[in-house]
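Heads up, there are several structures right after this.
Shared chain: subunit A. Partners: subunit B in the first complex, subunit C in the second.
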Partner chain A sequence: MSTASQATVDRRRSTSEIERSTPAWRRRLTSDRAARVAALLSFLLVWVLLSLLFRRVPGPVEVVQRLGEEFARGEVFGNFGSTLYRFGIGVALATVVGIAIGVLMGLSSLSRAFFESPVLVALSIPAIIWAFLTVMWFGFGDLSPIVTTFLTSVPFVVVNVAQGVRGVSRDLRDMSSTYHVPVSRQVRDLVLPAVAGYIAAGVRFAIIIGWNGVLLAEWFGGGGGVGYRARWWYDANRFGGFAAWVVLFVGFIVLLDRFVLDRAIRRAFRWRDS
Partner chain B sequence: MAVLTVKNLAKTFNLGTPRASRVLDDITFEVRGQTFVSIVGPSGCGKSTLLNIISGVEEHTSGEISLTSDEGRPARMGYVFQDPRLLPWRSVLRNMMYVQDDQGEATVARARRYLDMVGLAKNADFYPGQLSGGMQQRVGIARAFAVEPDLLLMDEPFSHLDAITARGLRAQLQDIWAQSKKTVVFVTHDVVEAVELSDRIIVLQPGGRIYEDIGIDLPRPRRQTDPTVATLQAEVLARLEAMKELGRTTEPVA
Partner chain C sequence: MTEQLVGAATAAPPADRDGREAGARRTAQLRRWRRRGLLVLGWLAMLLLWEFGSWWYGSRLLPRPHEVFLKAVEIVESGNFVTDFSASVLKTFAGFAVAAAVGAPVGYLMGRYDYWRAFFHDGVTIAGTIPAIVYAVMSLIVFGLSNLGPILAVALVSAPYIALNVAEGIRGVDRSLVTMSEAFGRTPRQIRREVLIPTIVPFVFAAIRMCFAVAWKVEALTEVFGGRNGVGFQIRTEYQLYDIGAVLAWMFLFIAFMLVIERLVLFRAEARLLAWRPEERGTAL
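After this line comes the complex of A and B, so read on.
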């Protein structure tokens, strides 16, 4: 056999060489952005198909039409505004209170023992229960959607923040105490920046869970808002109008997450990229 | 002037459990004034534990420990750790300010002065992640000096660095110490380093007792290339070799 004298050359291609040999259209088709666009398109496609198959599923075109009509009636800004106001206050409260309790739970085992069970119970109560209860307690008005938003979202902030605080570097905390850094400064400059990622995750959860709360409370309450208006169409057996409001609000949450939260988080972590 | 007094100090971890281990058995020494004291001993003999007890991070099991300053205020301590321990989201200068009581202009100016002494004046606004390991350690040293401590504790600050960087930093430390004349307790497992830096070397033996207390009377600044330094280094090393042969069970000689 002559194979003994043959050398095997395993020549590996460099990244620039691979890039040069891949056509541009193929690179574009396999990009992350293409995947995102594909997801959006398939969602629309499924929606259109469902609306063609089932009479009671309104298609995208109809939903946009209904939305246009609501705008023309002048229903959108007032209702959307009051929902945003309630939602904003509820989430803001949940963020502040959640961070405070979470930091306490992370730093002291005594407060962890105290808050652990209540938080667990609160986590497992669905938004619809809070919506019923608050409408019973506070009636129709701003208070029940605000409290529902707050109560459904606060445990998620607490759990995330507490977990983050417990993960703060022991070494850095020892360093702080050898230098007698005041506790308030330790919380502000060591603990909070260290848990910024957990806070961001908690607030994101709060927003996504909280909007269930606000819509449900408005659905059962009667004080106007996106949930109220969606129910109005639902009761009228007009699913196009119902879907229009849901799409409006979900779209808003997605855009908020993408363009505000995501950017704010990236700004907060500048030090990581430098 | 600061006085550190340690008397019959003992430390047992996990006291009252089956895992109890006595790390420090009976430690007595005193450090006063502008001296550079090294605590030397093999890995695991309790050097870091002793330093953490002095700094207050760790509690002692029995014995006495006190630090007094005659400035009419509680004594201040600085600590240089084995690793830099900087907040990654704060710039170098803001890391130094983090440990300062006073946040005023004068304190900022002082922090900048020490940063200049360790050769990092230009890096005040850098994040720790933008510095090399040696530079980060220099920030840790500047931070400790900048609190103007009555007692400066250092725990093997150069052991994670490469030999060339470590040698440069030792020379720099000698310079800064000569200018500021603090009371320093410096922990190391490296006898050669201890002889180069210290006025006095306390040798810890496994089992947590003091084996020997050696005065180092050499002129400063000390150079590695100086034969008298090298001779003394060899001599102290030989004495420690003798300790190793005594083993764990032997009574202390000193």
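After this line comes the complex of A and C, so read on.
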């Protein structure tokens, strides 16, 4: 592409010409799949290098070993189950409450004024504070992770839903209020379908934020669960076990995000994209 | 992302007669007053809820608002506020610097070449979904109890945001500008400096503004796990002493500080850096 200081510009080759002149091996090496494989390999390489550089960082082999041991001990499914249970209840509550408040905020500017500052404050409170407070209030049971998950994720649902509702066509809303369509029907037939995508996006965000909340509450209020088990290894100064749990958990989150949430969001936004 | 909630400005409809205009102005004013009243009501409701909670749980488990306020004043007066907050802020911005140094080139590659886009895409999106606690503990494992831990955690959390935003920005660069510069024989270096970089600065800033809140929380979290100074360290100390009032007081200082930095410092800096392109202000936010 260097055309600097030439009297006549080179004739540009068309993309198909360039395509044809690249050899097959090169095309395969620069394909998307090759790039992904290369990314994975370089990630592993960096990991191994880090584990060689820092004595405290466990290498991939050790982590896989620990993971196998953890499965053999039967610690995985019980802890995972209790974390999922707490997390599920917390996020479900956050979704319901968040949608209710978000719809209210989106529909009338007065309720927006009322909820504005509470939401702002709730957005800025870090999850660790909720974890500390709920552990001190509710002790070491299921309640503190549930409440922490709920409180950390609800403002994100509210903000997303409110934004979506405000985007609902003003004309349609004015028309339905002119023709005295009852509010319940307005919400059901006009608002909810239009904001389904925003709800899905808000719930996805709430889930990402909520994992942090549930793990923190379990870490500090150890009543079983992934966070508790990870802390157990961390306190024992055996970071291989900790890393094994991280790999397990992050793998789970990524699979959930990729195969469930992403599809749900694409489905919900289908009407808009088509 | 809270800006969208604010600003339901009620524009008075154009009126051809004075009487109608005055009436419209009156209703607009009434609405504004009602809005302001409800804003105050929102704060009052929060306070009431808090008061009720502390009555319900007893003031040992949830101290009353004015007790927490007095605690906060005490903290500010004792001087801990300045030292710990400046330590935390310095670490946060150091983390941002590292994140921008790593994330911006990655984003540049992702925006410019398909190969690198495929290479980094999965990693960057996965890095964005990992919970903050993982980053916090990981940086502790790598660096132990030192100031480098929080810096690494902030960098790890914000680098994916910056990379994604920069990639978005690069892809949004006006193709015809690049083609024109090539046609006029500009060197690739000149194109980078004069076309690409000015276009991505707003995106880097948007990313920093977007993830400042997240980064600030992660920084404090890392300090909770293993800091030797800073806000998180203080919160952890008070938690271990079971002093809920002090935990809440630190939290309120933390929130106030975050809002001030977000609204005043970052907003101003962005406005200043982007002053040369006034029409872009709206979209960059």
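Everything that follows uses one rule, which is that the second predicted complex is superposed on the first by the 222 of 274 C-alpha atoms of A that agree within 3 Å, B and C clash if a C-alpha of one lies under 4 Å from a C-alpha of the other, contacts with A are read in each partner's own complex, and residues count from 1 in each chain.
Everything below uses one rule, namely that a residue touches a chain if its C-beta (ideal position, glycine included) is under 8 Å from a C-beta of that chain, and two chains touch if they have at least 3 such contacts.
From a predicted model like this one, the values you see are computed outputs, not experimental measurements.
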{"item": "Of subunit B and subunit C, the chain that contacts the larger number of subunit A residues", "value": "C"}
{"item": "First (subunit B), second (subunit C), both or neither touched by A:Leu143", "value": "neither"}
{"item": "Touched partner set for A:Ala39, first subunit B, second subunit C, both or neither", "value": "second"}
{"item": "Subunit B versus subunit C as contact partner of A:Asp171, first or second or both or neither", "value": "first"}
{"item": "Subunit B versus subunit C as contact partner of A:Leu123, first or second or both or neither", "value": "second"}
{"item": "Touched partner set for A:Ala92, first subunit B, second subunit C, both or neither", "value": "neither"}
{"item": "First, second, both or neither for A:Ala113, with subunit B first and subunit C second", "value": "second"}
{"item": "First, second, both or neither for A:Asp189, with subunit B first and subunit C second", "value": "first"}
{"item": "Partner subunit C, residues of subunit A touching it in the complex", "value": "1-6, 9, 30, 32-33, 35-36, 38-39, 43, 50, 54, 56-57, 105, 109-121, 123-129, 132-133, 136-137, 159, 162-163, 166, 208, 211-212, 215-216, 219, 227, 230, 234, 239, 242, 246, 249-250, 253-254, 257"}
{"item": "Subunit A-touching residues of subunit C, taken from the complex the two chains share", "value": "1-2, 4-6, 8, 31, 34-36, 38-39, 41-43, 45-46, 57, 61-62, 114-120, 122-123, 126, 128-134, 137-138, 141-142, 144, 182-183, 185-188, 213, 217, 220-221, 224, 232, 235, 239, 242, 244, 247-248, 251, 254-255, 258-259"}
{"item": "Complex interface listing, subunit B residues touching subunit A", "value": "52, 55-57, 77-79, 81, 83, 85, 87-90, 98-99, 101, 127, 129-130, 147, 153"}
{"item": "Subunit A residues within the subunit B interface of the complex", "value": "171-172, 174-181, 185, 189-190, 193, 271-272, 274"}
